[in-house]
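These notes are about the structure you will find just below.
The chains carry the letters A, B, C, D and E, assigned in the order they are written, with residues numbered from 1 in each.
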Amino acid sequence: MNIFPRIVFVLLGLFIVLNWGLIMAGIIRKIIARLGMRRGIKVFQPYINLIKNYSIRSQLSHGVMFYLGPVFRLSGGVGIFLFMPLIYGSDYWSNFSFTGDLILITYFMFFGMLGMALGAGEGGHPYSAIGISRGLAQFTAIEVPMTLAILSIAIQYQTLSISEIVAAQQGGIQNWTMVTNPLATIAAMLSFLGAMGHSPFNVVMAPQENPVGPPTEYHGTFLGVLQTNRAILHVIEAVLYMNLFFGGASNWGVLIIKTFLIYFWSVFVGMVFPRFRVDQSIPWFLKIPLVIGIAAIVVFII
Amino acid sequence: MKILRNSALLLIVGFMAWMMIHLYGQYESRDALNPVAEYYAVNGPEETGAANLVTSIVVTYRGLDTLGEVTILFLTAAIIGLLLRTEKGSRKKSVRESSEFLSTASGILIPVITLIGIYIFMNGHLTPGGGFQGGAVLASSFILVLLAISNKRIGHRLLDYTEAISGISFILLGILGILLAGGFLDNRILPLGNFGTLFSAGAIPVIYSLIGLKVGAELSNVILELNQIQGEEEEL
Amino acid sequence: MSEKKQTEQDKFLAPENKKHTVIGPDGEEIQVDPLNDYFCTDLPKVEAPYKGVLEKFLNWARAESLWVLSYGTGCGSIELPPLFSPRFDAYRFGVAMRPTPRQSGVLIISGYLAVKTLKRVIRSYEQMQNPKYVIALGSCTINGGMYWDSYNTINRLDHYLPVDVYIAGCMPRPEAILAGFNKLKERIKSGNAEGANEYIEKLEWYKANQKKIIKDWNMPTYNW
Amino acid sequence: MVNPIYIIAVLLGTAFLLGLFRKKGFEFGMALGMLAIAFAAVISVHWFIHLYSGTEGGLNIYTAGSKPPFSINLFMGVEESFFMSAINILGLLGFIYLFRAFREQGLKSSVLFLVLIMGMNVLIMSRDIFNLFVFLEIVSIALAGLIYLKRGKESAAAGFKYLIAIGVISAMLLIGISFFYLFAGTLNIDDYLQSNTLPVKGISVAIFLMLIAILLELKPFPANGWALDVYEAAHPGISAMISSGTATASIFLLYKLLPLSSLDWLPYLTVIGAVTFVGSNLLGIVQKNSNRLLGYSSIGQIGLMIAIIGLAPRLGDHFNFIFVSIFISHFLAKAGLFWISGIIMRSNIREWSVLRRNRLSLFMFGLFILMLIGFPPFPSFYGKWQLVMDLAQHKSFVWIAVILAGSFIEGIYLFRWFGYAMKEQDDEEKKIIFQWEKLIPPIVFSVLALGASYYTNNLSLLGPTLNLIPIYFILALFVLDFLPAFVKNSLVIAGMIIYSVLLYPSIADDTLRLIFGGIFMVGGVLTLFAGYSEKGKREGFFPFAVMMYAGLIGLIQAENLFQFFFSWEIMTLGSYILIIRGKKSMKHALNYMLFSLGGAYLIFIGFALSHIGQVTFDLQTLSSTILPGWTYTLIAIGFLTKTAAIGLHIWLPGAHAEAESDVSPMVSGILLKAGVFGLVLLFLLMGAEQAEQKNLLYILGWLGAITALGGNLMAVFQEDAKRLLAYSSVGNLGYILFALAFVTHVGWMTALTYSVNHFLFKTLLFLAIGGVVMRVKTHNMYEMGGLIKQMPLSFIAVLIGIITLAGIPPLAGYGGKWLFYNAVLSKGWYFQGMFIFFAGTIAFLYCFKLIYSVFLGQPKDKFRQVKEAPVWYLIPQIILIIGIMVFSARPDLLLKPVGTMLSQSNYFPTDPLNWENVTASTDLGYWSGYKIMLVIGVMFIILLSWLLLMSRKAQKIKQFNIVYAGERPFKPETTHFSHNMFSHFYKALGFLSIPVVSAFWNGLNSVTHSMAENTRKIYSGNGQTYIVHIMLYIIIIYMLMF
Amino acid sequence: MKIFELENISMAAGFLLLMVGIWGIISQRNIIKMIISFSIVDTSIHLLLVSIGYIRNRTAPIIGEGVTKTDAATQITDPVPQALVLTAIVIGVGITALLLTYSLKLYRHNRSLEINHFNSLKW
């Protein structure tokens, strides 16, 4: 296929995803507010915040890596977007997923993390480093059930290509991985909780104890970039889970609904449960989700 | 504790005894010479010309052993010298002067003893005795000198010269054996002479005399060394 | 800075901030002047606002997204948490708390300011990014209130920082604070809330006031 | 030809003559004595050359003009002339060595020495039992006198103990001889042997007494307390004579008298020798006194020789070669060591650090130590090889194990000692004079050692197949060591490049060898570049660096087992010396050496097992071994020690961390691949089926997985940058191991790709961190920080290194991860895979810690003026970065040939990777390195421009301009969050990093030490106890034999 | 009875002396007593040697009175052990002298003659 229309579609997709990410964040915070019997923010508040942050007049720089950190971070988010097929059956909406498969996406997630870590590190603030060390430590544990789930579905579908996994789930809800491989789904969804950084796994960014962790020193435009990335990343990670476990999406409407629900799962849990410390969350991930993940594989081996 | 130790040691001795009984149990009284000894008995007198078969064995057949023996005594003297040597150099010895009796008697005895010694090693090939025995007797006369004639100082020099020269001559005689006769320490470099006389048995009397001198000198040396350190205080 | 002033300042310097030498890895001696080496000594510049509609739009966004530094100085700090409770729900006005000055736009001085606290307030304020706004709560920040003759508190906050909105009362209730936020919004939208630039323009004056009351001024002039 | 009897005559005559000399004629007397010994030496050497090259059987020397058995006769054969030459040369040098001591103690003492030499000569030649007794006594008495040469209380006590022990032994000997005469009727050995008389029991006992007495002269463990005291108390020159001289004579005596016995003494000799070898060496490991330690070692070596005599029937034609090679090593090395000991006059082995003040003696010391342990190219190496191979042919596995265990234990204390000499604190206060006349003998023996090595090599079965060019190059470098470092460095680089070019055609067709050869040679040249930054001469670096690379390349070139093992040992040796050059690396180098030595011995045994029933030694014979399970396991464990699999890894962190800055990349990035290469080769040659049968692959897979996890986990908790990297190497090698264990096409492709990647990024990281460490002079990461401003290029190198390490796209590391998933899924080892991937994510923790703690965070005051790493460190880094970039963009450059190579081998006929341009795909997934790189690059640039546009005016601020709750940071040291960075992680998973393995090895170590400590208590120092030991020894052997 | 013959008695006596000597060597702590024990051992061996060479009803191996040159083989005892014993005696003398000298030296150093006082070298 010609590369230029593809680029146009990619940019369009990125635009949709970004906007959906921002709106979704607003909606969800609205829902949370309502649950807390508040009016809460405006649905478009994330937009306003984003604009405000880009409009900050002065910036400070701690050094080159501080400067590059957000770029890495955003590259990580956008990169995952680029390698992710969005809509099933549509070549245009599959972005650049022909360059790599599921493994590429799982490992490319680290790209942004690394950039963020380096940028925050260059900031020289100990809280940033503390936040990163917590985040990375927790992430190691989160990855284990996720890896098991990925292995499980790779065994199930005998492929690592996301498009093929989605294709295999077509034809009704009974074909979704959620139904055909519930254990893997549970393990993955538990690890998803950690990946989203909501309570109970948000000690990384504990606002007061460790002033927002890694981005302590980030402000203005830098923060705007990080927020942009956050909007994209939340959606695209939800898309990943959707593709793997919930039958993918054959059109944008389905994508929006499914990603919202998937994302809301993490918010929902976060609303209900209090916060874990890192040294509590790591063993937790290495107990329940791990066992479920192992079970998901054992099922296939037997 | 002591009983325990002793009984353990006794056990060891017991085991040793048990081992030796194995040897003893195998021992049968002999009623004949074995071939080697018989060879000596039959051919010894002919080959060496010595009436004393032991001497013929000691000086010729097993001459190398004898060289070794002499060397051992030589070594012993040297080692004792080395061990007892002190860094202080010569020491004065303060002893009582010997009595009239003693000096007179020893004056008479010393030549006699020396003569006996010389006789013993000169006749080693004929009668019981030989270089070692004669040498020992010589040394005993030397002891007498040391003990009785206290003010007489006998230097090492003489003994050393005697020792070295007799030793080297012994070896030279041995080498002559290779050159002139059948092998190292062969006594037939000199004519065998008449069997049973003093000047017989080839080089045996010469060798035995050298041995006698050497042994005498060596033993005397040992005694001299031991004597010299008597009055010496501890060396630390 | 004159020699005399320099020594004056040194008097208050903590030992670790005094000039000293350290030994480098190769045995070389390195002179360290902590105040100059650890801190940026540049002075800020005025960041001119855009013109026209763009600035209006941006001001609207700034007004609708007020990120408050969660920082309490006096008794008024107890009035701030209820703001975010369901009863008052400041979120609906776009107000949110941020824990780090870098990301915050609004500094609320919630009550009397001890000299010691003033130092921290100044530092926090200067660490915030342009544009930034100050809301002062209670009489104490206006004229010293009941502490007007205290040896240890300041009387007028706007001698030290450019205040956008004063909210009177002792203490003002959350409703009043919400009203204050709305006043601030109006002020921002109208384009008058240029306190940050004002502070930079009149930096000498502000600094003189600050240094007059903070006797042990042992930091660079401007805290980035 | 001169009649050998003149040796006796001249020596003895001179001895008698010297009795005449007084103080005045000392020099003349000494000259005379020296001439006499030289005469003896010349005659014996002449005889040896004559007899060795000719066909003549030897010369019978009769005394007293009659034939034996009636008179004493001597015999001069090849063996006799050989041992006599050895003794006389030793005597000549020993005489020179003792010159000063003789002057102090008077000419009489030199007389003793002459007689001693003479006695030993007769002991070797004489064929008459009683004559042997007499001269044995001469030797003993002469020694008893010489022991007191040093004077003092200790010498006197030792001499007395020696005398009473000798007294008891000679009593036994004399009883034996007497009854031998009674029962046999002769005193002549040849006569008795020809007489064919029926042995009665009595004669057996008599011969038993004789042999046991000779055996006791050889100081068997544990009836040897007296000998140890002598070694300790005597003048080292005399100890050298005892250890090398009288032992030689005695062992020849044993060899000579052995045929007398009708009983089968050989098994007993084997046991006695082996017990002595192991026991004596075991006690050596707790010994601190150098001379006593040498004594233990000496006794051990003699035990080995006794055991070899005992094993003679199994060795067949090779007996002479084996015995002589072991003998000559012991002979030269032990005398040399004792002599060196006398030069430096230090009794505590820790104080041997003074050796460093004289490079020559340090060199000789190392040479002798290595010779003793049996490193190539010294004779004992060839001897041990042949010995073990022959024993294996006879399935004497127990003896192989015992001999190698003994050698290993000997290695423990010798290398520890060597470590002290190299690295222990040297007290400069105490002066030391290196006397020239004392240096001559060890120098001569060193030269002889090298010569002996050359001849042994030529004489050995497989030695001539070796490629000796690198060895000569190493020798040349030793000679050229006086040149400045940069000249030598250029020389070495040039040499390596030329050698690579010459080598290339021979391995061009073999992709496997090409890959590893590339790693070794390219890596070698690159890491050597870093050496240009060293100033001065850098003495003793280049020969060993080349030695390591020579060993590595030798592995590539090896065509037979011997070449492989030779190269393996050379490599181990070179790398050991390189490692020990580090500042604090004494202990770690020792650990490295011991694990390597143990591993090498396992490989050795494995090779020996594989050789059973084989004629040739080709590497191919591994495939037809009759004991595949054992062979496979042993060799694999041997290689695993080099790859530092968990359990065998504890040497690695310290060794890699404490090595010099440019040595760490050599040993980490390059050297570890030797183990990988070995494993690959092993699998290829042996066939995986063999291993599969025994579930060994399964175990190996788990081992790899656990290693990966354990290594990475340990790395997370390190504070030392190089140690962190070292543990990371452990983890990475775990991946490789795991992938190797798959034995599938894609698995091996993973392993090989990962090997190359690991080489690239770990060399890069070690070079970069090494450059930093060089500048900041500390390893502790928490002491650094903020170095990005001073060292931006190093930062970039580390950044690229960790991105590759962590496997983050788009760099090459990702390829390894992708292949891993494919391999795991196709093999079905999901749970091991889980470990691996968990380990992979843990890698992020230490990657971050490394780059953050060093380059980011708060800069420290004292590193404010630090400069960028030297340009010679940066050049190889840039080349490596380019390499990484190339392989990232074009993975097909590497993967395609590897795939082809694997497809050509018998195991994996189908290549699961399909290539479409540069996109690789398997049944499971696909990967296009080039496109990924393009996409990410374009995106990154766009986003960067976006940010540049948005925040173009950013104000640069300084390190303490951070938001700190209204306060200011106190000082950089307390503001840098680095120490114990992952404490929460430790709380959660720290229990996994409890050093169980070190605890195990430490426990083993302390058990061994306490065992030795308790055992040696039997040497109570009481002479009477020693006599009791001797008695008990006799009784026990007697009871065993009768 | 075999054991009542002269050669048997002397040999048994030799062995007995040997045991006595050995007992002395391993049990006596005094160095001088040990040296005496060594001498006893030496003597015992000499006795053994002589017993070995003894043949009943024969005379010394010297040609002369009672021994004719031609029949010497049937008239003399074995000369070889006698030659050996001569050597052995000399060696014994040498060793004894050395032991005594060493004991003197030891006494000077330690002012003691107890063998267990000389254990500064051990392990």
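To be clear about the criterion, contacts are C-beta pairs under 8 Å (C-beta built on N, C-alpha and C of every residue); 3 or more make two chains touch, one makes a residue touch a chain.
Everything numeric here is computed off the predicted structure, so don't read it as measured data.
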Chain D omitted: connectivity of the other chains: A, C | B, E
Touching chain A and also chain C, the following chains: D
Chain whose Cα centroid lies at the greatest distance from that of chain C: B
Core chain by centroid distance, with centroids computed from Cα atoms only: D
Distance from chain E to chain B - Cα centre to Cα centre, in angstrom: 16
Between chain A and chain E, centroid-to-centroid distance (C-alpha), Å: 100
Between chain B and chain D, centroid-to-centroid distance (C-alpha), Å: 54
Chain centre separation in whole Å, for chain B relative to chain A (CA means): 106
Multi-partner residues of chain B (each touching 2 or more other chains): 9, 12, 16, 20, 27, 34, 36-37, 40, 62, 65, 68-69, 72, 75-76, 79, 83
Sites on chain E at which at least two other chains make contact: 18, 22, 26, 80, 87, 91, 94, 98, 102, 105, 109
Interface hub residues of chain C, defined as touching at least two other chains: 44, 100, 102, 224
Which chain pairs touch, all of them: A-C, A-D, B-D, B-E, C-D, D-E
Of all residues in chain E, those that touch chain B in their complex: 2, 5, 7-8, 11-12, 15, 18-19, 22-23, 26-27, 54-56, 60-64, 69, 72-73, 76, 78-80, 82-83, 86-87, 89-91, 93-94, 97-98, 101-102, 104-105, 108-109, 111
Touching residues (chain side chain B, partner chain D) in the complex: 9, 12, 15-16, 19-20, 22-23, 25-27, 34-37, 39-40, 43, 47, 60-65, 67-69, 71-72, 74-76, 78-79, 81-83, 85, 160-161, 163-164, 167-168, 171-172, 174-175, 177-178, 181-188
Chain A to chain D touching residues, read off their complex: 54, 58-65, 67-68, 70-72, 74-75, 78-79, 82-83, 96, 98-104, 107-108, 110-111, 113-114, 117-118, 121-126, 129-130, 132-134, 136-137, 139-141, 143-144, 147-148, 151, 154-155, 158-161, 211, 216-217, 220-222, 224-225, 277-280, 282-283, 286, 293-294, 297, 301
Chain E contact footprint on chain B (complex, rising order): 6, 9-10, 12-13, 16-17, 20-21, 24, 27, 29-34, 36-38, 40-42, 44-45, 51-54, 57-58, 62, 65-66, 68-69, 72-73, 75-76, 79-80, 83-84, 126-128, 130, 132, 195-196, 222, 226, 229, 234-236
Residue ranges of chain D touching chain A (in the complex, touch as defined): 786, 788-789, 792, 795, 799, 802-803, 806-809, 814, 817-818, 821-822, 824-825, 828, 830-831, 833-834, 837-838, 841-842, 844-845, 847-849, 851-852, 856-858, 919, 923-928, 931-932, 935-936, 939-940, 943-944, 946-947, 950-951, 953-957, 959-965, 975-978, 981-982, 984-985, 987-989
